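Paired with chain B in one complex and with chain C in the other, chain A is shared by the two complexes that follow.
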Partner chain A sequence: MSFLLRRLSFYFTAFLIAISFNFLLPRMMPGDPVEAMFAAAQGKMDPAQMDAVREMYGFMDGSLFEQYISYIQSVFTLDLGPSVLMFPIDVTTVVGMSLPWTMFLALGSLIVALIIGVSIGTYASYRREGFFGQFVPPFLAFLSNFPYIVTALLLFYFFGLQLELLPLAYTYDPAIDPGFTLEFIGSVLKHAILPMGSMILVGIATWVFNMRNAMINVLGEDYVTMAEAKGLSSYRVMYRYAGRNAILPVATAIAMAIGFSFAGSIMTEVVFNYQGLGNILLKGIMARDYPLIQAILLILVSAVLTANFIADLLYVWLDPRISK
Partner chain B sequence: MNKPLLEINNLCVDYVSPNGIARAVNNVSLSIKPGETLGIAGESGCGKSTLAFAIARLHRAPGLIPEGEILYNGKDVLKMSDKELRDFRWNDASVVFQSAMNSLNPVITIGEQLTDVILAHKKITVKAATEKAVELLAIVGLPGDRLKSFPHQLSGGMRQRVVIAIALALEPKLIIMDEPTTALDVVVEREILNELYDLKEKFGFSILFISHDLSLMGEIADRIGVMYAGNLIEIGDAKTVFTNPSHPYTKGLISSFPTIHGPKERLYGIPGDPVNLLHLPEGCNFNPRCGDCMDICKKDEPQLIELSVDYKAACYKL
Partner chain C sequence: MNNSITSDANAPVPHHESEFRQKCRAAWMKTKAFFHGNPPAIIGGFLMTVILLGALFAPVLSTHNPDKRVARPHEAPSADHILGSTRNGRDVFSQVLQGARKTLSVALFAGIIATVIAVSVGVTSGYFGGKIDEWMNFATNVFLVFPQLPLLIVLAAFLGQVSSIVIAVLLGVTSWPWGARVIRSQTLAIRSKEFIISAEVMGESKVRIILVEILPNLISIVFGGFLGTVIYAMGAEAALGFLGLGDATEVSWGSMLYWAQVSSSLYTGAWWEMLVPAIALALTGGALALINMSIDQVSNPKLKTGPHLKLWKKLNKEANKRRGLV
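Moving on to the complex of A and B:
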């Protein structure tokens, strides 16, 4: 229990530091969205108008410290003000609409890549002399060295443009009403195949190698030899005795991979015009929509920290030696 | 009637390395009768653990067995199919490994590690297997609620007891023990050996007991075999090997540890280092370290000769 409390306080501190950076960074940049509008209006705005616009968007005056306090308040009350790009919709609403899609893409592809990669890695280490162990890992290493964006574009080109098998853009068919209908879920899955597939292809090798290396260490342990000497089936020796232990270092790597997965998702979303945070973030940056950018960074930070915390919980659950 | 339970004939085990082939076990023949305890002694690297592993066919690449046979009740372990081998393992022969610390999986409960071997070999319910596991823990003097424990929650002695309980699970005829008490302190070692003795009386299994500790072996073993550089160089009843050894190496081994009673004496170990298995000397492997080395020892390898009934040694002096 104390372990979890320690982790929790660690993540809370990390969160505070992250949001402080999030607060400082835009304020260190010259200009603000209103000045950008002023430039776009070619000087046809007087200072009073500009102040009025600033107030409308909820930009604060006052000292840096005052701004910081009210920023922290807004973070914890989730009241982040209206979006500049999609005025007058609240930033929170905009983010709330696209966050589930990014989570779906990032975590979904991570979990699928993890399951496939760990299974392949386990098997490849157990049969490392054979064809499978010799050939499959290097091939996957080759695949994983394509950046997300290249894999995504290649898949986009072949399956979307050439073969016309899969949809090129959007999260689901706009003609279908969202809801818990088979048609809608089918459409969501169909639209997810390409973006998720490209992330899975890139991600698998990491897990294959993580798992394979951990397995090779564990296979030399006495308890694996003993399990074999006990006459247990090789399936049980491989997964229950060796795999169960080899998964521990892999579980640590999951925490790190979550961040990468979100980053990958952002790029992939842009390629497939997927309505997630990444797409919104890009549009927000183009429009200098600082409240939106800040909110998205905030959400990404919290998502990554939460996911890390879950990975920690997973580790406690996997390794009985930790909890005491 | 006294048909051997396990008979090893001309067994060789090689380790293949880039620098050549190291023969860790060379032409070893021995047998174990039902209910007998055979000790195998020798210094580190003499091939005694390799021998133990080979009997359960647990050797892995780069280790391989180029020749020899291991007959268990007349059936060659080396020629068994996968299924026969799985049956042989633990049903007929179980293994207690060098360190109990490492032979239990740290993230699986004691209970599961005990019951899974029962369930793998017997068609019984999980409930019955659990009851059997509680019984087994009781046999080695541990309370049944330890089934829920993980190995790190037990002391070293308790862990070794669990390993012995697992070894007894299917009441095998043969238990191979590879330095079972090396990692324990002498008090716990004593307790465990006493228990082992009682268990052996009760269940009547044979033990192949591997250790470098000759004094320990003098107590527990009926017969002792001594190995040097992969060869079995002396084998016979424990008392004679211990009190009146024939081979110069065995003599050296016995004079390498102090007696508890009697005056303090300077210990004479064996001069020199163990041989490199990749560069064996001509003739007898022990000749570079032997005080009684003769010309013939540098030319030909001595064979085991029968000195009396069931007593053999390999030395030209005899």
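Moving on to the complex of A and C:
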């Protein structure tokens, strides 16, 4: 268990660093930070409200350290004040509404890309002298390294605008009431195909190459030759013998991919007008709603850290040696 | 002393020239071997050459001034404007050439900064170990776990519209951890090899060991990491530009995407304004990835496929025969 405890304390430190970054940001801006941060709120909030919000962000009399402590308190009590853009609504409420959609996109596409990529990588390593092994990995390397924004724009244009196959905005059809109905779930999936598809395209090559390279190392081992000599089917050798051992180094790459996936989700949401954090982030940037921008960054960091911890748990389950 | 140097330089000895030629030939043979029977490397190398030449000779190849209104808004591609015109009447072909310079130089600059940091951190941390390693590894992991792009977006939002130099520096100082991690683990693997230990026993200085003994063995990994960072930095620059966080008055592929989005060119049927910079970005990213993949195969012969693999197997068999193993 000491492994998981070590990881937890690491994530906690990382989160504290993110908070400090957020605390320092407005203080790095030219001019008076309070004026700049709430410039867009002039006329919306009355002076008493303004003072309350200032205190939450630590803009009060006292040393920098006292301000810092006050800010940390507000963060841990989830007390981040109202959004400037959507005035009386709280920043945390706005962020809470869109976070599930971003998690859905980021983690959903990561898992699908992982499954498809690992399967392709396994097969490509097994058939690396044939057409599949020669053609598919370079082809995917080429496709996957288009910038996120470009893949999203190309899919948006060809499948959405030209062929009119799939919807181009929203997370589900606004005419349908949200609920556990087939119609609603179908609509959600249909609206997710294009944004998720573009993220899967970008993410897939990492897994193909990680898996293929790990497999090529494993395929040289004696127990694989032994399994082949016993006359086991190539499917069994490929997935049950070699694949299971090759997956370990691939699993360590998941941690790094989580951050990438969230970043990709932010960009993709903007292109497809998907109602997640990325979309709100852009609106917040355009309206100069700094409290909202900061809250989004904090929630993104905590989502990524949590997902990383889950990946750690998964890794312990895959390889019990690590927890000792 | 001084005399002998000048006389040496004034009268080059023919022997030196032939040595130089030998080196040239060896380099040429290596290049040929890299591309031979390796379609991904050929395609990637060809695309990248075309793109780099286009960026280099942009002022010569441009048909119009990229910063001036030279056509009516959203003119379709024609003989006069090969790739059409933007909403503001700029020539898209000239802009995409001009934009290549800005985008590629931002990406290269960011890549160089990131690689320098990654090599310093990775090698120091891997070679010295102990407390230094612990702290540097911690910093690397913290940077790795943060979502980089959202962090950059927020930073850029607070700084206001930032120039391309600032973007390049920001990208450079945030994207080193991936490289540092790989370089560190490779340094760890090399550190315990005999040739390092013998260098230490011989009393070579630590600086010399790092620069002369370790670094040359890391070249392919460092270069691979550099190309990876360039691909990432190009995508990030395009993303920041698209969101309007870059300097929209500069012509880059990112700012071209931004203006195409602002004029909703895809909806009005003027696809060329959006798709031309998008495809330019796509081809550059893809070409760099193909080159990167081929470099991977050189540094790790196990990963070779197709004709390369057959050649390697043949050579391996011959070598085994020479050693009397078969």
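FYI, the second predicted complex is superposed on the first by the 288 of 324 C-alpha atoms of A that agree within 3 Å, B and C clash if a C-alpha of one lies under 4 Å from a C-alpha of the other, contacts with A are read in each partner's own complex, and residues count from 1 in each chain.
Please note the rule applied: a contact is a pair of C-beta atoms (placed from the backbone, for glycine too) under 8 Å apart; a residue touches a chain by one contact, two chains touch by 3 or more.
Everything numeric here is computed off the predicted structure, so don't read it as measured data.
**Student:** Consider chain A as the common anchor and indicate whether chain B and chain C clash or fit when overlaid.
**Tutor:** Clash: chain B and chain C overlap once superposed on chain A.
**Student:** After superposition on the shared chain, which partner residues are touched by A:240: those of chain B (first), chain C (second), both, or neither?
**Tutor:** first
**Student:** In this superposed model, does chain C or chain B come into contact with more residues of chain A?
**Tutor:** Counted on chain A, the partner with more touching residues turns out to be C.
**Student:** May I ask you to decide whether A:119 touches chain B, chain C, both, or neither, giving the answer as first, second, both or neither?
**Tutor:** neither
**Student:** Looking at A:129, would you say it contacts chain B, chain C, both, or neither? Reply first, second, both or neither.
**Tutor:** both
**Student:** What stretch of chain B clashes with chain C when the complexes are fitted on chain A: 202-210, 256-264 or 274-282?
**Tutor:** Among 202-210, 256-264 or 274-282, the clash with chain C belongs to 274-282.
**Student:** Across the two complexes, what residues of chain A are contacted by chain B and by chain C?
**Tutor:** Of chain A, residues 129 contact chain B in one complex and chain C in the other.
**Student:** Inside the complex, what are the residues of chain C that reach chain A?
**Tutor:** Counting only chain C, the residues touching chain A are 39-40, 138, 141-142, 144-151, 153-155, 157-159, 178, 231, 234-236, 238-239, 242-245, 257, 266-267, 271, 274-275, 278-279, 281-282, 285-290, 292-293, 300, 302-303, 305-306, 309-310.
**Student:** What residues on chain B touch chain A, complex-wise?
**Tutor:** Interface residues on chain B, with respect to chain A: 56, 58, 61, 85-91, 94-95, 97-99, 102-108, 116-117, 120-121, 150, 152, 163, 166.
**Student:** Enumerate the contact residues on chain A facing chain C in the complex.
**Tutor:** Touch residues, chain A against chain C: 10-11, 13-14, 17-18, 21, 25-26, 28-29, 128-129, 133-134, 137-138, 141-151, 153-154, 156-157, 161, 205, 209, 212-213, 216-217, 220, 255-256, 259-260, 262-263, 266-267, 270, 281-282, 285-286, 290, 293-294, 296-297, 300-301, 304-305, 308.
**Student:** Under the touch definition given earlier, write down the residues of chain A that touch chain B in their complex.
**Tutor:** Touch residues, chain A against chain B: 129, 221-223, 225-233, 236, 240-241, 244-245, 248, 318-321.
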